[in-house]
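Both complexes shown next keep chain A, but they swap its partner, so chain B is in the first and chain C is in the second.
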Partner chain A sequence: MLLTAVEGLAYGGLYALLGLGFFLTYGVLRRIDLAYGTVVMTSVYLGAMMVGGLGLPWVGVLALTLVVGIPLSLLVAYLAFVLVRQDARFSMAATLGIWMVLEELMLQSPGRGRGQAIVNPLQDLSWWPWGLQIRIDHMVILGLALAVAGLLTRFLTRSRTGLAIRVSAYDASVAALLGISHARMMVLATVIASAVGCVAGWSFAMAQSGIDLHFGMWATVKGLVILVLGGTQSIALIVTAAIGLGVAERVGSELIGSGYRDLVGYGLILALLAVEPFLRPGETRFGDSR
Partner chain B sequence: MSYWFTIASLTGINVLLAYSVYASFMSGQVSIGQVAFFGVGAYVGASLTVLGGFDLASAVMAGGFAGAAASLFVGVPTLRLKGYHFTIATVAFAEAMRVVLHNLKYGRPRSSGNVGDQWLGPDGATGFRHISYLNDHSISTGQYAVIVWLIVAVVVVAFFLVERSRIARILRTIEEDEVVARSIGVPVARYKVAAFACGGFIAGISGALYAHLLTFISGNDFIIHLSTIALAYVVIGGGQTMWGPLIGAIIFTVLPETLRPIREFRIELFGLLIILVMLFRPAGMISAAMVRRWGVALTSKAGAKPPRKAP
Partner chain C sequence: MSELVAIIPMFSISLVLALSCYLVLKSGEISFGQQAFFGVGAYAGGILTAMFDWPLVAALAVSAVAAAAVAGVIGFSLSRISGFRFTLMTLVLGEFAKEVFVKIEWRREVNGQAAGPEGPLGFSGIEYYYSHGIQHLAQGLIAASVAAGCLVAVWVYGRTGPGRRLVAVASDATLAASVSIDPVRTRLQAFAMAGAVAGIGGGLFAHQATYIEAANFSLMVGVHAVAYTLLGGLANVLGPVAGTAFDVVFLEGLRVVGSYRMVVFGSLIVVMLILRPRGLLGTRTRTVP
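Up next is the complex of A and B:
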């Protein structure tokens, strides 16, 4: 059971990276972007496909993922949140359309939707404290997630640019009064959210030694679960929720069977949403839901 | 011909699924969880005919009620929440239900059948096979298409009447501004839950019809993509009027069948159309203003006197 909990901790690191990308998109930018996971999947998938085809070294996947992912995220943001902006529902529907198009394009790409292998240079390295096997790559990912969380917290709360992004996302007219370029801040925040998502996707794919098309939907659903569990008010809560989810899922699957592992997260989300209005009436962990 | 009758039945089922999304869409709620109620209806309906020996009508109705019960389970606690909590909750519920349906096993052994195919009822990841009610009762695909479209007709007439009633005005007010609706004494949560439960009921009915048409279902049939496609029918057809889901579902089920070369690109076409509609015509193909104009044109044409002939 202890080994399972430690494994869960490692998955928590992956979830935390994913949750941070969602935190930036939903919490800071206040966008309901259902294509987020698919954009990440598309970027990693194309990166892996190109690296496999061209015979590039393993770090090439991350570089290509970022090269594809960031412009793609900016395109999604422009289409769904700049050109379509009358109603948040319309923007959400547009991201749904983008999700469908991207996923199908990957299905018809030269990879034909088949899983793409990704080299994991740390795959066979393990650490054995007290007889427990801890994979080094999992610990690296957990460390990476904590480092990204720390940097993001510092950036958003201490730096002028970070504060400008938050003001701009909260109220564009207030930002304009303060001389902040709303468009520039939104582009910057989108780039950061996309980069974090790409790193998360790449880390996950590397830990699994490959990626397939299911990752997009899985990442979106998992990211939403973490977001609901952690709320959109604090990065620390997102990381805690992600790590908690990782541990709960692994331990849960040990207790109720691996077939029902995902039910742990979905059960938690439903339970939390159900009791939330009673715990704090009139207030949600999502804050202002404009 | 049997093929086209099957397509006709599938179109009717998709129309029902589109209306199940539209029911809560009227009050401004976007549900991506209709596939869960569809799946519940499918499993309940199929279980009743295969294992319980029920007739089709009772099984379909039971599927509808099961879908409504499932929608109440998720809707009652979450529809009171603000913002997009509700949409997220429906996503979580749909995925949770897929996991449950994928692992579900109950039923009894079959007296006949090949090795590995001797179970009657849902058999975990293998799925739910031998839903042979139509075959056992000699119901042809043509007759089944008529049954499906009779149910569609009832639902369309119900929405036609609701759209002209006070209920629709209240739901549209909630969609426009919940605070205003509450300030004029509308029990917002009750209306939203009722609309969502109606959607769950319709999804459950369509699920039961789907299970009997396909004769085999599994948890993997009820993935979230089906919900997004149903939402696409409403968004592309138009979410402001009851004609939108009907037109959207018919066009986008029949069109890929008639234009075979584009069938492979059906999902891209959907996605692209959603993006284009949201960019250039967010109200969808058929807007409320368009329906009003048609209504005025029709009534004026019907009421117009023939021009007098010059003496």
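Up next is the complex of A and C:
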């Protein structure tokens, strides 16, 4: 059970990275990007395909993922959040269309949507404290998530650029009065959110020794759920919620059987979402995210 | 001709699901979970005809009631939230329902053979049409008639008190409440009706497909239905018809873009939202001088 909980910590680290990407996208930029997970999946998928095809070293997957992922995220942001000028729902619907396009393009790519293998150089390395086998790559992922969370917190709260992003996302006209370029800040925040997502996708693919098309939707759903559990006010709460979810899912599946893991997981989240309006009616009723 | 006959049931079933999404979109929200009610209707209808030998009409009626009941229960919470939380809750609902469908296992002996859903193996043997000698053309007519019935019901709903109140709530819930419209109740009615419509679509689908499994009710199914409605526009009930026809008849039926159908369809949604956000049949916004 203890070992399962430790494994859950690693998944919590992955969830935290995804949650941080969504925190930047929704919590800071106020955008609901349903293509986020698919963009990450596409980037990692193409990165893995190119590395496999060209015979590059394993670290090339991360580099190529970032090279593909960041411009792709900027394109999605431009199409769905700049060119679509209606309210947030229309932008969200546009990300839906982009999601369909990307997923289908991966199916039509030379990889034909089949899983792409990724070399995990840390796969066979383990640490044995008190007789427990703890995979080094899992700990690296957790450490990476905590480091990214720390850096993001510091950047958004202590740096002038981070503050400028927050002001710009809150009110573009106020930002303009302060001499802040709204467009530049939005691009910068999109790049950071994309980079965090790419690192999350790459970490996940490494831990699983591969990636397939299901990752896109899975990442989007998990990221959004963590956002709801952790809220949009604090990075620390996002990380706590993500790690809590990772551990709860792993331990839960150990207790009730892996066949029921998703059923129980989605059931709990649904119950939480269903009960929330009755617990905090003023915060959720007819006023969120418009 | 044979292609047309083959495409009618597919178009009709997709249209019924799109009409369900249309009702929710009329409330000002986007639901990615209508496939859950579609699935409830499919399993309910399939169980009644395959396991208990019910007539199709009665099975479809129960499909509608069962899906409306589920929508009504979840609607207690859904009708109190909006925006991102609403969309997320429907998305999670869809995924949860899919997991539930995987677990449905109920076998019963019918005419010396076991019938009923087999959990992850799906639910086969929903052969009402074949056991009653209903041919392809008749199947298409049944599906088209049911879809037309749903279309009329949704149109009537929009022209009467509940539909008008729903539009008022979608425009401004606080203002609507100030003129004695209960936003929660109005939305709850709309969700229950949307659930019923999706349930009927599911019932039709189960009998058309003869075999259903959880994968038939994936998120992508719900996403498509929303996309049809957005593509056609929300101005009136013909919007979902136009959106569904464009994808099912033009892209899928005529196969004009081959295997790149989803690329074209997805791109078209984005282009439409940029150039014509009110959809193919949407009205222009009038500016009061």
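Criterion: the second predicted complex is superposed on the first by the 276 of 290 C-alpha atoms of A that agree within 3 Å, B and C clash if a C-alpha of one lies under 4 Å from a C-alpha of the other, contacts with A are read in each partner's own complex, and residues count from 1 in each chain.
Rule of thumb we're sticking to: a residue touches a chain if its C-beta (ideal position, glycine included) is under 8 Å from a C-beta of that chain, and two chains touch if they have at least 3 such contacts.
Just so we're clear, the structure is a prediction, and the values are computed from it rather than from any experiment.
Enquirer: Taking chain A as the common reference for superposition, should the pair chain B and chain C be classed as clashing or as fitting?
Expert: These partners clash in the superposed model.
Enquirer: Pick one for A:53: touches chain B only (first), chain C only (second), both, or neither.
Expert: Neither partner.
Enquirer: Looking at the overlay, does A:266 come into contact with chain B only (first), chain C only (second), both, or neither?
Expert: After superposing on A, A:266 lies in contact with both chain B and chain C.
Enquirer: Intersection of chain A residues contacting chain B with those contacting chain C?
Expert: On chain A, the overlap between the chain B and chain C contacts is residues 32, 79-80, 83-84, 86, 88-94, 96-101, 103-105, 108, 217, 221, 224-225, 228, 260, 262-263, 266-267, 269-270, 273-277, 284, 286, 289-290.
Enquirer: What part of chain A is in contact with chain B in the complex they form?
Expert: Listed in rising order, the residues are 32, 79-80, 83-84, 86-94, 96-105, 108, 217, 221, 224-225, 227-228, 257, 259-260, 262-263, 265-267, 269-270, 273-277, 284, 286, 289-290.
Enquirer: Looking at the complex, which residues from chain A come into contact with chain C?
Expert: 26, 32, 79-80, 83-86, 88-94, 96-101, 103-105, 108, 217, 221, 224-225, 228, 260, 262-263, 266-267, 269-270, 273-278, 281, 284-290
Enquirer: Which stretch or stretches of chain B touch chain A in the complex?
Expert: 28, 30, 74, 77-78, 80-85, 87-89, 91-93, 95-96, 99-100, 102-103, 124, 223-225, 228, 231-232, 235, 264-265, 267-268, 270-275, 278-279, 282
Enquirer: Which bits of chain C are touching chain A when the two form their complex?
Expert: Per the touch definition, chain C meets chain A at residues 29-30, 74, 76-77, 80-85, 87-89, 91-93, 95-96, 99-100, 102-103, 173-174, 183, 219, 223, 226-227, 230, 259-263, 265-270, 273-274, 277.
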